[in-house]
Amino acid sequence: MSTKLLVPLKLVTIVTERILEDRLLRKITELGAKGYTLTQASGKGSRGIRSSEWAGPDTRIESLVSAGVAEAIVEYVAESFFEHYAVIVYVQDAQVVRGEKYI
Amino acid sequence: MENFSLLSNLISPVILAFVLGIIASLVRSDLRLPGALYNGLSIYLLLAIGMKGGVELSKTPLSVFIGPAILTLLLGIVTPIIAYAVLRKLGKIDRVNSAAIAAHYGSVSAVTFIIAVSFGTAMGHPPEGFMPALVAILEVPAIVVALMIAFVKDKRAGSWQAGLHEVLAGRSVILLVGGLIIGTLIGAEGFAPVEPFFKSGFQGALVLFLLELGIVAAGRLKDLKKVGPFLIAFGILLPIFHGVLTVWLSQFIGLSVSGAAVLAAMVSSASYIAAPAAVRIALPEANPTYYLTSSLGITFPFNVTIGIPIYYTLAEYLLG
Amino acid sequence: MENFSLLSNLISPVILAFVLGIIASLVRSDLRLPGALYNGLSIYLLLAIGMKGGVELSKTPLSVFIGPAILTLLLGIVTPIIAYAVLRKLGKIDRVNSAAIAAHYGSVSAVTFIIAVSFGTAMGHPPEGFMPALVAILEVPAIVVALMIAFVKDKRAGSWQAGLHEVLAGRSVILLVGGLIIGTLIGAEGFAPVEPFFKSGFQGALVLFLLELGIVAAGRLKDLKKVGPFLIAFGILLPIFHGVLTVWLSQFIGLSVSGAAVLAAMVSSASYIAAPAAVRIALPEANPTYYLTSSLGITFPFNVTIGIPIYYTLAEYLLG
Amino acid sequence: MENFSLLSNLISPVILAFVLGIIASLVRSDLRLPGALYNGLSIYLLLAIGMKGGVELSKTPLSVFIGPAILTLLLGIVTPIIAYAVLRKLGKIDRVNSAAIAAHYGSVSAVTFIIAVSFGTAMGHPPEGFMPALVAILEVPAIVVALMIAFVKDKRAGSWQAGLHEVLAGRSVILLVGGLIIGTLIGAEGFAPVEPFFKSGFQGALVLFLLELGIVAAGRLKDLKKVGPFLIAFGILLPIFHGVLTVWLSQFIGLSVSGAAVLAAMVSSASYIAAPAAVRIALPEANPTYYLTSSLGITFPFNVTIGIPIYYTLAEYLLG
Amino acid sequence: MSTKLLVPLKLVTIVTERILEDRLLRKITELGAKGYTLTQASGKGSRGIRSSEWAGPDTRIESLVSAGVAEAIVEYVAESFFEHYAVIVYVQDAQVVRGEKYI
Amino acid sequence: MSTKLLVPLKLVTIVTERILEDRLLRKITELGAKGYTLTQASGKGSRGIRSSEWAGPDTRIESLVSAGVAEAIVEYVAESFFEHYAVIVYVQDAQVVRGEKYI
C-alpha cells in the first residue's frame, strides 16, 4: 500500500479469561495503549479445563500500538499471567489509517 | 410424612430438565441455552430469591430470625474449616487446592437452595419465608475464611483483595443482598405488581436454567477420572456430614422441619457461581478441575437427587 | 362453525406480529430480535409443546392414541415420497435438490402446528391434547426417507450419518421428545408449578417469535424470483394436497374435527428448523435458496393465513 | 389524594432496581444485563405499550381522543423549539448541539411514561387507557423539528434523510405504532390469550430493564462535570417547565388528573433511545456527551423520582 | 507458505459505530469488496464517550480485497467518517486460499 | 520487535458455517493445532444465500500454528469444504509470545 494516510504499527492480540479483562485493560492503557477493541471469544488451549464457562466466555483484546508499547505489553502479560491463567498473546504488523493518533 | 420420598423428588420437572441436559450433552446435541439467556436467567433467579426473602423478612420479628441467622453465620465460618481439614489430612491435597475447594463447600449453591424449598413446598411443607436471607448470609463468610487460610502462610500469585472484591461486588451478592433490601423496603404490597413476573414464572425459569446446568455438568463428568476417588467420596460424604450437622443444630433455634432441611441443603451445598470467580482471581494456582468438578459434577447432582430427601427425612425424624 | 373464517384467523396477534416483522424488514428497520433471544424462545416453545403434550399423553388411553400415531407415522413416510415424485416428474428438478426439498415438506413446522392449535382453541374447539406427541412423530421420518432417496444411487459430498445425527440429536427432537417424556412422567400435578411459565406465557412468547420470523421470511421474499414459478406453485398446491389427504384419512381414526384440521396443518407444513440443518450437513450440494424460500417464504405464510382455515373448513365438512 | 407522595414513589421496586443498578456500577460490580436481554426487554416493553394502547384505543370514541391527540402533537412541535431557544439564548450553546439536545427534550422517554402510569395506578388512579397512543404521537415530531432547525441554515456532515429514516423506521416507532395497530385490530378479545405475557409480566420485566438502566446511567454520572452547571440546571428546570405547561393545558381537553400528570411526565421527559440514534446519524458533529448525559443522567432520574410526584400533585391541584 | 492455493491480498479491518454499518457495507461493496465478515465488538478510543451503548455495540468489519480496493476503502472511510465518528481502520497482509475469488 | 519471547508462527483464520464447526475443530486438532479461538461472526460472500441464519451465525476460527500445520489445514479445508460450503480461509504472520507452546 502506498497511501500516505497509513502508519505502520503493531497489532497486539490477547485472548484470555474474562475475569482478567478489567485488570488487563487498565494495565495496557498505563503502558501506553491509546485504545482497544474487545470481542467475545471462546476457545481451547493447553489448559484443558478453565472456569471460563462460569466466569463468562473468554475475551479477545486487540490494540494497535507502537513497537515499544507492544513490547511492554507482551512482557507484562507474559510475566503476570502466563503461569496461572489461560492466555495467548501475539503481535502482528498493521498499516493504520491516521496511525499517528495511536502512538 | 412418608411423602418425602426420593422418587417424588426425582420426577419434578426441574430435576428432569437437568437430566435432559445431561442426556443432550451425552448424545452431542447442538442444544445449548445461549449465554445471554443463561446469564439473564441467573440474574432473574437471584433477584427473585432476594426480593421474595426481603418481603418475608419485612414480616418476620427479629426474635424469630436472629437464631437461624447466627447459626447460619457460624456454619459459614466452621464448614470451610472442616472442609479444609478433611482435604489436607485425609486427602493429602496441597494447601492452595484445599483452600480453594473449602471456599466452595463453605459457601452455598442458590439453585440447590431453590430446589430444596420447592421440594418441601411440593410436599405441602413450605419452609420459613425468610430462608433466602440465610442464603445471603451463607454466601460470603466461607469464601473469606478459605482465602484467609490460603493467604496466611504463603505469598500467593493472586490478590486477596481482588478476590474479596469479586465476591462482595459480584453479581450473586449484589442481587441477593440488593433484592433482600428492596423486598424489605417494598413489603408485600409493593411486591404485588411484580409478583406475576418474579413468583409465578420462577419454577418455569428454573426448568430452563437446569437444562443448561445439566449440559454444563455433563461436560464436567468426563473429568471425574482426573479428580480421583478421594474427591468423589468427599463430594458426597462431606455434604452428608454438613447436612446432618445442620439438622441436628437446627433443633436448638426453633426452625420448622422444612426450614431445618432447607438450611441443611444450603450448608451441605457447594457454590459454583460466586466461589469459582473469587477463587480464580485470588488463588489462580488452584486447579479449577478440582473445585468445579467436585462442586458441580458431584455434589450438586447428589444433593438435588438424594441429599435433599435425606435431609428432610432426618429433619422429620429429629424435629417432627 | 362458520366461525372458522379467514378473517378471524388473520387478525390474531400472532399473525399480525408476523406481518409487522415483514413490514419492518421492508422499510429497512433496525428491528431484529437478538439471536440469543430468538434461540431462547425456540427452546422455550419446543420444550413447552413437548411438556404439555406429555402431560396430556399421560391421561390418554393407548387405544385412543394409537390410531393417530400410526397415521402420522405413515404420512411422515409417504409425504416426502409424494413431494419427491412431484418435484422430479413435474418440476424436472435434479435429484439432490428434489430430495432436499422433499425432506422439508415431509417433516413438520412446529410453529404452524401451534398456530393451528390456537386457531381451533380460539374458535372454541381445542384439538386433542396429545397432538404435540404427533409433532414429535412427524418430525424425523420424512428427513430419513428423503436422505435415503438421495443417497441410494449416488455418491454424495455430505455424510448421511452426520445428517441423521443432526436430526436425531438436534435440539428440535431433543426438546420435543425430552419434553414429552418429562410431561408424561410428571403428569398434570407435577406440571402445575411450572404451568404459569410454560402455558400462560406461551401465546405471548409466540408473538415475539413470529415478529422475528416475519423479518427473516421477508428476507426470503426477495428470492422468489430465483426459485421460479414452479416452486411457488408447488409451495402452495402440495400443502393443500397433503392437507386434504390428511383430513380425508382422519375420518378413519377417530380424530375430532379440530384434531383432523391440526394434523392436516402439520402434515401440509414444511420444516424450517430441523430439516435445513440436517440437509445442509447431509446434502451440501443442494441449494438452500430452493428449500428455504419455498418452506419459509411460501408455504409457511400460506398455511398460517389461508391453509389452516381451509383445513378446518374441510374437516368440519367431512367429519363435523 | 395526599397519597401522591414522593416517598411512596421512591420505594417502588422499579425505582429501587434503578438505584441498585447505580450502586452496582459504583462498587464496580460485574453485574450487567446481557446486551441481548436488554434489547429483548426493550422490544417487549415497547410492543406491550403499543398493543395495550391499541386495545384501549379500540374502545375509545374519537371525540374523547382527538383533544389529547392534538395537544400532544402541538407540544411535540413546540417543546423542541422552546428547548432550542433556551439552549441558544441562555446557554450560549452552539447551533448544532442545541438542535441535538432539543430533539431529545422534545421527544419522549417510554420508560418515564411507564413509570408515570404505574405511579398513578398504584395510587388507585389509573390514567386513560389510550395514553400509549400519545407516546407514539409524541415520539417523532420533535426530532423532525429539531433536525429542520439544524439543517435549515448550514451544510451538515450528516444526512437529514438518513436521520429521518432512522426515527421513522427505528424500532421504537415500528414497535409502538405497529403494536398500536395490532392492538386496535385485535381488541380486548383478541388480546386475551397474550395478556398474561404482555400485561402480568410487564412490571417485573421493567424491574430488570431499570436495573440495567441504572448501571448505564451511573456510567453517565461521571460526565456530569464535562457537561457543566448550565446543562445540569437545564436538565431539571426545563422538564419542570414543560410539565407545568402540559398540566395547565390539559385543563382544556378533558383529561383526568392522572392523564394530565402522565402527559406532563411524557412531555417533560427526554428521549434516550429513538433520538440518540437519529441525531447520531443526522448530526454527527453534535457531542453525544451533552445530549446523553443530560437526558439519561439528569432528566430521567429527576423525573422518575421527583418530577412525577410533582406533576401529579399539580394536576390534582389544578384539575382535581 | 508455499502452497499454490494461496494468493496475497489485503485484509482491511474497520471498527466503528453500529449505526454506520449499513452505509459502510454498501459502500465497500461498491468499491469492489467481494465479501466481508462482521463481528460484534466494543472498545475504547480517543472519543471517550459514544452513543454506541445505545445504538448497540460497535461493529468490526473485515474484508479481504486487492491492494487497490483496500486503498479505495481506506480513503473513503478516512474522508467520510474520521472527523465525526468513532472509527479505526487498518490494513494487513494475508495469504488467502483460492484468493482469486475475492479480486 | 526484538523481544526474545516471540516466536514467528502462522495465524490461520477460517470463517465458515456454524454447522461445520465441530468437524473442523476436530480435524485441525488432528492436523496439529494445539489450540484455537472462536468468535461468532456473520457475513456476506459469493454464496448469496446460506442457511446460516437458521443454523446460527457463522463461526470464525483462529489458530496459531507452525507453517507446516497451516499448510495442512489450508489444504484440508480447500479440498473438503470449498465446493459446497460458505467458507473463507487465510493465513497471516504473527509473532507469538512463548510461541514454542503452540508448535
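As written, the chains take the letters A, B, C, D, E and F, and residue 1 is the first residue of each chain.
What we mean here is this: contacts are C-beta pairs under 8 Å (C-beta built on N, C-alpha and C of every residue); 3 or more make two chains touch, one makes a residue touch a chain.
All of these numbers come straight from a predicted model, not from anything done at the bench.
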item	value
Shared interface numbering between chain D and chain B [over half = same, under half = different]	different
Greatest separation from chain E - chain, by CA centre	B
Farthest chain relative to chain D (centres taken as mean CA coordinates)	F
D-E against A-E, pair bridged by the larger set of C-beta contacts	A-E
Chain D-chain F separation of Cα centroids, rounded to whole Å	47
Chain A and chain D, separation of their C-alpha mean positions in angstrom	40
Residue numbers of chain A (touch at least two other chains)	39-40, 92-93
Touching two or more other chains - residue numbers and ranges from chain C	28, 34-37, 39, 166, 196, 200-201, 277
Chains grouped in pairs wherever the two touch, ordered by label	A-B, A-E, A-F, B-C, B-D, C-D, C-F, D-E, E-F
Of chain C, residues touching chain D in the complex	11-13, 16-17, 20, 23-24, 27-31, 33-37, 118, 122, 196, 200-205, 207-208, 211
Residues of chain E that touch chain D when the two form their complex	17, 19, 23, 48-51, 53-57, 83-85
Contact footprint of chain D on chain B as seen in their complex	34-37, 39-40, 43-44, 47, 51, 165-166, 168-171, 174-175, 178, 181-182, 185-186, 190-191, 193-198, 200-201, 277
Touching residues on chain A, where the partner in the complex is chain F	10, 13, 15, 39-46, 58, 60, 67, 70-71, 74-75, 77-78, 82, 88-93
In the complex with chain F, residue positions of chain C that touch it	35, 39, 157-158, 162, 166, 216, 219, 223, 272-273, 276-277, 280-281, 284-285, 288-289, 292
